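Letters A, B, C and D mark the chains in the order given here, with residues in each chain numbered from 1 onward.
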Amino acid sequence: MTTEALKSSTAVLVELDKTNSAAIAGQYRVVRQVTESLCEPLVAEDYVVQTMTDISPTKWHLAHVSWFFETFILKPHAPGYKPLHPQYAFIFNSYYVQAGERHSRDQRGYLSRPTVEDVYSYRAYVDEHMFGLLETANEAKMLELAPLIEIGLQHEQQHQELLLTDIKHVFSVNPLCPIYHPQKAQPKAPVPALAWVPFEEGLYEIGHDTDDFFYDNEGPRHRHFLRAYELANRQVTNGEYLAFMEAGGYETPELWLSEGWVTRQEQSWTAPFYWTERDGRWDVFTLAGLLEVEPDEPVCHVSYFEADAYARWAGARLPTEQEWEIAARTVPIQGNFVENGHFHPVPAGTSGTEVGPLLQIYGNVWEWTRSPYAPYPGYEPQPGALGEYNGKFMCNQFVLRGGSCATSITHIRPTYRNFFPPDACWQFMGIRLAKDA
Amino acid sequence: MTTEALKSSTAVLVELDKTNSAAIAGQYRVVRQVTESLCEPLVAEDYVVQTMTDISPTKWHLAHVSWFFETFILKPHAPGYKPLHPQYAFIFNSYYVQAGERHSRDQRGYLSRPTVEDVYSYRAYVDEHMFGLLETANEAKMLELAPLIEIGLQHEQQHQELLLTDIKHVFSVNPLCPIYHPQKAQPKAPVPALAWVPFEEGLYEIGHDTDDFFYDNEGPRHRHFLRAYELANRQVTNGEYLAFMEAGGYETPELWLSEGWVTRQEQSWTAPFYWTERDGRWDVFTLAGLLEVEPDEPVCHVSYFEADAYARWAGARLPTEQEWEIAARTVPIQGNFVENGHFHPVPAGTSGTEVGPLLQIYGNVWEWTRSPYAPYPGYEPQPGALGEYNGKFMCNQFVLRGGSCATSITHIRPTYRNFFPPDACWQFMGIRLAKDA
Amino acid sequence: MTTEALKSSTAVLVELDKTNSAAIAGQYRVVRQVTESLCEPLVAEDYVVQTMTDISPTKWHLAHVSWFFETFILKPHAPGYKPLHPQYAFIFNSYYVQAGERHSRDQRGYLSRPTVEDVYSYRAYVDEHMFGLLETANEAKMLELAPLIEIGLQHEQQHQELLLTDIKHVFSVNPLCPIYHPQKAQPKAPVPALAWVPFEEGLYEIGHDTDDFFYDNEGPRHRHFLRAYELANRQVTNGEYLAFMEAGGYETPELWLSEGWVTRQEQSWTAPFYWTERDGRWDVFTLAGLLEVEPDEPVCHVSYFEADAYARWAGARLPTEQEWEIAARTVPIQGNFVENGHFHPVPAGTSGTEVGPLLQIYGNVWEWTRSPYAPYPGYEPQPGALGEYNGKFMCNQFVLRGGSCATSITHIRPTYRNFFPPDACWQFMGIRLAKDA
Amino acid sequence: MTTEALKSSTAVLVELDKTNSAAIAGQYRVVRQVTESLCEPLVAEDYVVQTMTDISPTKWHLAHVSWFFETFILKPHAPGYKPLHPQYAFIFNSYYVQAGERHSRDQRGYLSRPTVEDVYSYRAYVDEHMFGLLETANEAKMLELAPLIEIGLQHEQQHQELLLTDIKHVFSVNPLCPIYHPQKAQPKAPVPALAWVPFEEGLYEIGHDTDDFFYDNEGPRHRHFLRAYELANRQVTNGEYLAFMEAGGYETPELWLSEGWVTRQEQSWTAPFYWTERDGRWDVFTLAGLLEVEPDEPVCHVSYFEADAYARWAGARLPTEQEWEIAARTVPIQGNFVENGHFHPVPAGTSGTEVGPLLQIYGNVWEWTRSPYAPYPGYEPQPGALGEYNGKFMCNQFVLRGGSCATSITHIRPTYRNFFPPDACWQFMGIRLAKDA
């Protein structure tokens, strides 16, 4: 894959003149190309496999994001648009009940057809009609289309990240340990000592308030009272997490939530996901294959249950999402994103871009917060099927913040709320500690 | 069962002189007797059965609450105390990992021994030693013991409620439809029309702040900002819920949380738990046997998922626990509690005790809030095994407020936080609507 | 329990004048009393519990065998007979689809009602009507009734054995290790060395051919060719089985059937059912509580998979049911049966009744044969619901022969075919080896 | 696919001079080529998918049969042979525990690598070394190698059939209904009326007795007594089976084995596998896509449970495997095999090759017998890992006889014993009736 292609996409997606159809077409082209460039290391067989219900085959991701444009833009807005195949709407709808019946999520890996080539043809077909639609759209139409295209592109960026985390899982269960990309050399630097950055008590404004794009779950902006608190200056490292393991963290139920302990027992967890012990040392499966665990890197692929247990063991706690957001507003959006081409977290202080006391706020690993994923006061989902995007998942999940090494830098915001169930660990998920002041 | 016995227990548990060992012994005696009086309608066989993992056999409840006093008071504080049986600590520990190994929760119904008689002997044995301990305790000792006894009694009261909800489940799955107690006549009155009671925006104090007993999860007291909101004046009725059902509520996925819809499909829900259709009319299983559904009664035995879907269908939402608490502070603690001897919710306006615009705030049915069960800012669990009481369950559950017809009036407080997973429905759970002002 | 009562029942059931209603009533009375005498050591709570789907609560057994008489004799033959309770037919039907709907087998332990007392009343009610019917039956009627009563009594004897094996399971999972009856002293004698008893090649007659009672699956009598073979002179002992265990039998997949190995892995088998290791020695749970494993006793509670693996390890095989039957015809029906009051297998040569070279053919433990349970050539099930008794289970089960220490001596025959799935082990099941001559 | 290639393979595999290495090499080449020719209609994605545990991805079949030659011939017999990849032995071992650890059967569809191209390279690598080995083998070596090669080729032929039945399943669950090959026109002819062909009582010889290849489970030859019986002259047709369905066969538990009825309920069976109802008519998924059910064709894809229930409904029974074998010996091996290129059963009387009163004995559909798969008297598995080929599956399976439209005509014999669990239905399985004379 060309890291250059990824980097060239960085400049885009920042400012958007909603009536400039050429600019929007350009932006559309870039995001769509990034998706395909992420598939360059794959062979046809890699696109097909689904190794657990949570993940999807690569070709499903490629088609589903196209179905999104077809369903929410082409069908309602492109006169005479005819879907390429009558069954694709059934196969590639993910969970939008208002958009019709759909194929079982846990059987996405059962479909050898449409082939990879068919799926790329489907993408091309959708692109062709999207460009055609944009070419003929007048200013009024553009004001209608632009927000839909924007959400379609944000949606595709989310699936770019999932495509990477999912192929990582597919490769990880293969005894041949396939490599997605060779490991990239990275600068070494001593990891800064753990320090605490204080924030004051106060009635804060939380949630999105600019004209840029945001998901409905980031609003409405509202007041929230915070007691004084402190955030760790960086993410928890593998070395620190190993100390927890060696101290018996995985054998001490007192450290765990009740449901976490049950899960730990049922799944026989003894280390982060993707770690394996061999001759007394720990290896970790990465997109560059099986590597030795590097103590200075942020610990990654831990569940909420593990993050919570670690924090308790460390005499701290996880931050709330509001505490995180107030802190993150003070930090420029820089860090180890997908554009860096590491596809793996890097130690604090090595990205060359970080400033200020709070390191690694953006990129590297999503940070678990202790906040259950819930609607903000006054929250209303978008009307129609797109209202299913976020709202209906506000149950039994926890909020993560900040993006990861598989996220695009153009996709993240201080108000961005990612969310996963507390036992999920196949995403690039890690830990930042907090405590009461 | 003697409703009189239940009622006579009402006066107690209110004020507590922590150094008055005789008063505390009296209070202990009353609560323990109430537990046993609730078992009067049962035969030995009824005490044994466990019909799902969530529920426990009656004799397990009777013994477990005794184990609680034995473990947390007699063993550490009664010199020379010798447990009645070496295996009881294993059998009757529920989930306190710091109190040692325990029997599998889902196999509590596998134990025919100890017999019911053995269990009553165990209760008597514990009581005898508790009274002995209290008799000899000096003032210093009493200051140490009183808080433990208090939590032990509160704990026993919780199991009194569970004992009722669990025996209801046991009876409900029996084709013979056993009756726990005959139905009690209740006054009829027209149900007040649904109305909205407004509350103002503001920075409120939430959580416990008196000297009375409270669980650690009710504190610490902290500030919380609320936007203006409105609460329904009463609980949702069976009649209103039937309208939701008739409008296709159970066949409309758009109304449901994603996980709720999956659950509804898997469990084939089409009505509240305990409802069955027969010849086109709905019956409901109650502790007085199978009765026709009464439209004016509060709907009961609905899960969070159903409550949430109903609220969405009704153009409203569920309250947050903070909204509920602020409102409840304005209402005297009165209502349809276990002492009333109904063991079933009654229509609004018929309890003869309600005043003010907000009806049924206490008693009848626990009210689902939309608040995930999470630690309050600054929350610290109690040290030791008792710290497992509440804190380790703060995950994937929702808060319920206000008590039910199976709760003791002496047990409830405006700050009391009950919690259950969103698919639970075998408790007396119902709905009060809220909306933004 | 009075072993005397059990013994006094021995003389019965042997010869039956089908028209002698008084004799048949007497026989009926004895069998019914034996059932109740087996319950003497139990308290009410013991009757209720079901610890796995395969077993049934004691009170279910007591009622089901009464339902059998009610359904197949009283309802069709006793004019004006009115069932005691309209729901009992639903609750106490086991698997006779032609006899109507029935309660779920895996929920028999969910029913606290009818109580134990109710069930005994039900038995008395059925008995009363049975005796009434017999008193008034003329000779023609008796010829019709006698075969039905006979199958009803044989059926009740089968449930007497199940009642014992099931209560053994209930007690075994209880940390209190209840004792059904105190261990009975038994004579010691050196176990005879393993020797092989030869049988000649030939075309043999297999199956039942006398006027005595037999189940439909024991016929029709038919010819079957056998090659020359040898049978072990006695059952495999605990000591021999321990040698298999110590030789790694449970860790050597080559010794096992494929499905057996899968089961052994899934269930983590490392020893016979009911065995537990403690401080390096093996204990076994018995109806007399937890005892040390006695090397000379026949190994018991092994599945077909274990029996088959053991035989392969020992360089032998299990006999076919035809080989067993031909051999057993030469042996008088004597041995360690339920009437002996051991409720546990005893070493070969100690029962004081055995003669000839083949020891332990009857009683002690059922012997697994390598014969899948299949219809004999020309087999026709009985017409009507009673035809479901045996025929519909002829799939995925193996035949066992000879009876056990929980079988009545009046119940067993050389042609008797018991059958269980190959993973079953809660019955008194053991091993006799065979090999080709 | 070239039916010609398939047909040209027919002449081979019949006579085998074990010392003629060139002839054996030629035979090897033909069988290997047939395997690959069966894959011609597939694209790379088709090779990857596993849609249920019982089936395997096409590329797994292609590699596993090569692993078989590598493991049992090249490694022990080709000096200096070095496996192509160290992990292939782990990935492509099916169930031979004596040949080492292996990948989980239910995760064969999780492996995108090795790619299809890799797998073909693996085949070429194994072929090259096999030819090299044969070229240098002297007569003594050939006598050692020939039986192993023979079993390897028979094994590969079995997987050719599985490859077809498995890809049929993969295509069947795909909403796009892919077509493996276009439907082939077939001659029409009236189906002969059902008639009964009688066989006499007698002591017969059963099992293999020629010098040709046979699996160990076909021997040893032994005597077996049969009562007089009759076999249906042809297989049961779709039309006849539809009459069973219309008569309520799937709603009548009395017709079913107990375990069959449980399975029918759990799996919601209402018709043969691959049948779907659409607008009141029945379609069937075939390798030529979705077709209307043809009444004259043999019913196919029925489980043992369905075959047994049908037979009972029809007032007949299934034959034993001995009855089938004695009858089949009188019939020449001709019929609708894979070489015919139908990949689907055809009506009786249309194959143009059948003679005598017994039609369709070979080919079309495997015929369920009522014989549990058990060892013949005196059976000994082959020593070593190849002894796992058949013997360890002799439990909870039933024997099928005669081959199918997916079997090679060169692969079938009158003594050939196929076996599947009674709920299996994805193979080409059908019904021939029998009855007592």
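By definition in this document, a residue touches a chain if its C-beta (ideal position, glycine included) is under 8 Å from a C-beta of that chain, and two chains touch if they have at least 3 such contacts.
The structure displayed is predicted, hence computed values, not measured ones.
Enquirer: Using Cα averages as centroids, what's the distance between chain A and chain C in whole Å?
Expert: Taking the average C-alpha coordinate of chain A and of chain C, the gap between them is 61 Å.
Enquirer: Between chain B and chain C, tell me the centre distance in angstrom, where each centre is the average of that chain's C-alpha atoms.
Expert: 47
Enquirer: Provide the C-alpha centroid distance between chain A and chain B, rounded to the nearest whole angstrom.
Expert: Result: the chain centres lie 39 Å from each other.
Enquirer: For chain C, what residues touch not just one other chain but two or more?
Expert: Not one residue in chain C touches at least two other chains.
Enquirer: If each chain is a node and each touching pair an edge, is that a line, ring, star, complete or other?
Expert: The chain contacts form a single closed ring, each chain touching exactly two others.
Enquirer: If you go through all the chains, which pairs of them touch?
Expert: A-B, A-D, B-C, C-D
Enquirer: Which residues, counting only chain A, touch chain D once they are in their complex?
Expert: Per the touch definition, chain A meets chain D at residues 43-49, 51, 85, 87, 90-91, 103, 107, 109-116, 170-171, 173-176, 178.
Enquirer: Using the touch rule from the top, collect the residues of chain D that touch chain C in their complex.
Expert: Spelled out, the residues of chain D in touch with chain C are 95, 97-98, 203, 222-227, 253-254, 256-261, 304, 320, 370-372, 374-375, 377-378, 388, 392-396, 422, 436.
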